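Letters A, B and C mark the chains as written, and numbering starts fresh at 1 in each.
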Amino acid sequence: MSLVELRSVVKRFGDHTVLRNVDLNVEKGEIIAIIGRSGSGKSTLLRCINGLEAVNSGEVWVDGVAVHDPRADLRALRAQVGFVFQSFNLFPHLTVERNITLGPRIVRGIDGKAAEAIARDALKRVGLEEKLHAYSDQLSGGQQQRVAIARCLAMSPKLMLFDEITSALDPELVGEVLRVLEAMAREGMTMLLVTHEMNFARRVASRVLFMHEGTIFEQGPAREFFEAPKTEELRSFLGAVLH
Amino acid sequence: MIRDLGWIDVFYLALAMRWTIVLTLLGLAGGSAIGLLIAAFGTSRHVPARLLAQGYVGVVQGIPLLAWLFIFYFGFPIFGVTVPGWIAAAIGLSVYAAGFLGEIWRGALVSIPKTQWEAAASIGLSYTKQLRHVIIPQAVRIATPPTVGFVVQLIKNTSLAAVIGFVELTREGQMTAAATLQPLAVFMLVALGYFCLCYPLTQYSRFLERKLRVAR
Amino acid sequence: MAYSFQFRDVFAARDALQDGLVLTLQLTATTITFGFAIGLGAAAAYMYGGPLLRRAAQTYVEVIRNTPLLVQLFVMFFGLPSLGVKLDVIPVATTALAINLGAYAAEIIRAGLESVPKSQVEAGLSLGMTRGEVFRHIVLMPALRNVYPSLTSQFVLLMLATSVVSQIAAPELFYAGSIIQSRTYRDFEVYVVIAVMYLAVSLFLRAIFAICYHLLFRRP
């Protein structure tokens, strides 16, 4: 079984159907970029994978766990799946260290000293070791987002989900975050990224998905995807976006 | 002589509610008059006026209402003025209410952004006209929910007038409880009476607040 | 003015005033502790409980907030004995005050809980924390910090409201005043002194709360 499997997933918000019969398989080690217009369902797709949104029908399987089942223990699963948000969502009342050690301490029961070591390690991976005792409002946007990534890495996840993580950043801060993502990709992390960074997707992703009106309209290996789009919708989207 | 609790008692309790209402209105009227002054002083350009307003609010809000009632109740005769108990209560309530209303209204005035004043001035309105046509209408809308909320407090506060012997709903309840030896039933009825007065106003205040939030 | 103010008699009774003051402070401290706990429970019940719990919390808050403290006190003190419950003055006073404060605290704390963005909760859940853990570690302190001024103002109001329990002869500061009044006939002076004492205590309390803020929510 694949690491992530979506079968005929339908998601509605009130009268509005956001995901229409989506099927997707993600294997371990894949780097999948998801692109598309606003409202095409990209973020919702990601949020259905770790259960932040419940699907109306269909199945969502992550690492053998039936996420769509109301009785599922999402807690254990979410500890294995990292989710990085567009607006970072760091905890403002905690230091960087406490932000990162909260998960390991509370969810895994790891004690103080060991947790601190994990935090240092995670921060080193994102290049912010010296910010251990800072508060989030003392950091730039790019630094906050890297801390958010470190917070997920501290849980040693099997899968990382990124929901437009550079969209809220000033342009000059985007690079530092993308470099961290590239490093993670090289280390073999399975990643799904909803992104607008087309160059990054083309360079780093193994597969790219184009979402359009709630379905995966076209998908393919990165190079083919960008150089030879098969559908008119993807061609016009790429034309509008890559100028 | 002990009598049974009957509908006649419920009737007299209901009747006593009118004194609760009268006292509330008196306190509101007096409190508003003084409160307007406090709000005006509190937003003045002159520091002494602002300090006076701050001092008034600080002192009133730092002393229990019971103490204010007693001070006026016992104070008037000392200064050679004989007033009936209910007037002393009304004045005590007014002074107390002004300390809260004045602060609510001052807060509402102060919350109007400076840009509104500037916009009004730039279309040629004088200070008083700015106040009258642009600032005060907005301040009134902002101040109304907390003011209605405070009226609810005032209604409940009138219960303390019972302590200085004024026969409003609570005092009537005390007398009825003593006469019927049914304190639980009587005071529950009294509570119900206050609830009927307060709850609609509380809901109205919430409704106004929601409307205000939507409008912003 | 054919009256000379005689504050001397009042000052002569300062021991009685001191005893009353001590009880006022004790009542305040106990009530704040229990009232806060009740308020937190009611707010949590409203925010996270099922429809039944939510209704119960709502009813409790509405009934208490729309009836006077004095009447609540009378219901408990004079009403409960007829149900066979015999209680002393001070426990009744504390309970009535705590139940009263709890309703006001509940509204304030609820506003605080609602002020924490949903995205914070999502971030916590995404790390694998339970809703309870998210509440305790992520929501609670920021919520309380946001409503700290309203909450502590309510606590100061509560301290002033303890004067009402004088009406069931709880020997706190205000009651001490009425005893002195009946002994010395210095009605006016007594209550002026008492008023000043309450004012001093309220200023003292506000200072304590300001210090607590720095201790609880400080940022090095």
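We adopt the following convention: contacts are C-beta pairs under 8 Å (C-beta built on N, C-alpha and C of every residue); 3 or more make two chains touch, one makes a residue touch a chain.
Given the structure is predicted, the values throughout are model-derived calculations rather than measurements.
When C-beta pairs in contact are tallied for every pair of chains, the largest tally goes to B-C.
Of all chains, the one whose Cα centroid sits at the greatest distance from that of subunit A is B. Centroids of subunit A and subunit B (each the mean of its C-alpha atoms) stand 55 Å apart. Each chain gets a centre from the mean of its Cα atoms; for subunit A and subunit C, those two points are 47 Å apart.
Here the CA centre of subunit B is 20 Å from the CA centre of subunit C.
Subunit A contributes residues 50, 52, 74-83, 85, 87, 89-93, 102-103, 106-107, 135, 151-152, 155 to its touches with subunit C in the complex. Subunit B meets subunit C in the complex at residues 59, 61-68, 70-71, 74-75, 78-80, 152, 156-157, 159-160, 162-163, 170, 173-174, 177, 182-184, 187-188, 190-191, 194-195, 198-199, 202. Within the complex formed with subunit A, the residues of subunit C that make contact are 119-120, 122-130, 133, 137-138, 141-142, 145, 217, 219. Residues 1-3, 62-63, 65-72, 74-75, 78-80, 82-83, 156, 160-161, 163-164, 166-167, 174, 177, 187-188, 191-192, 194-195, 198-199, 202-203 of subunit C touch subunit B in their complex.
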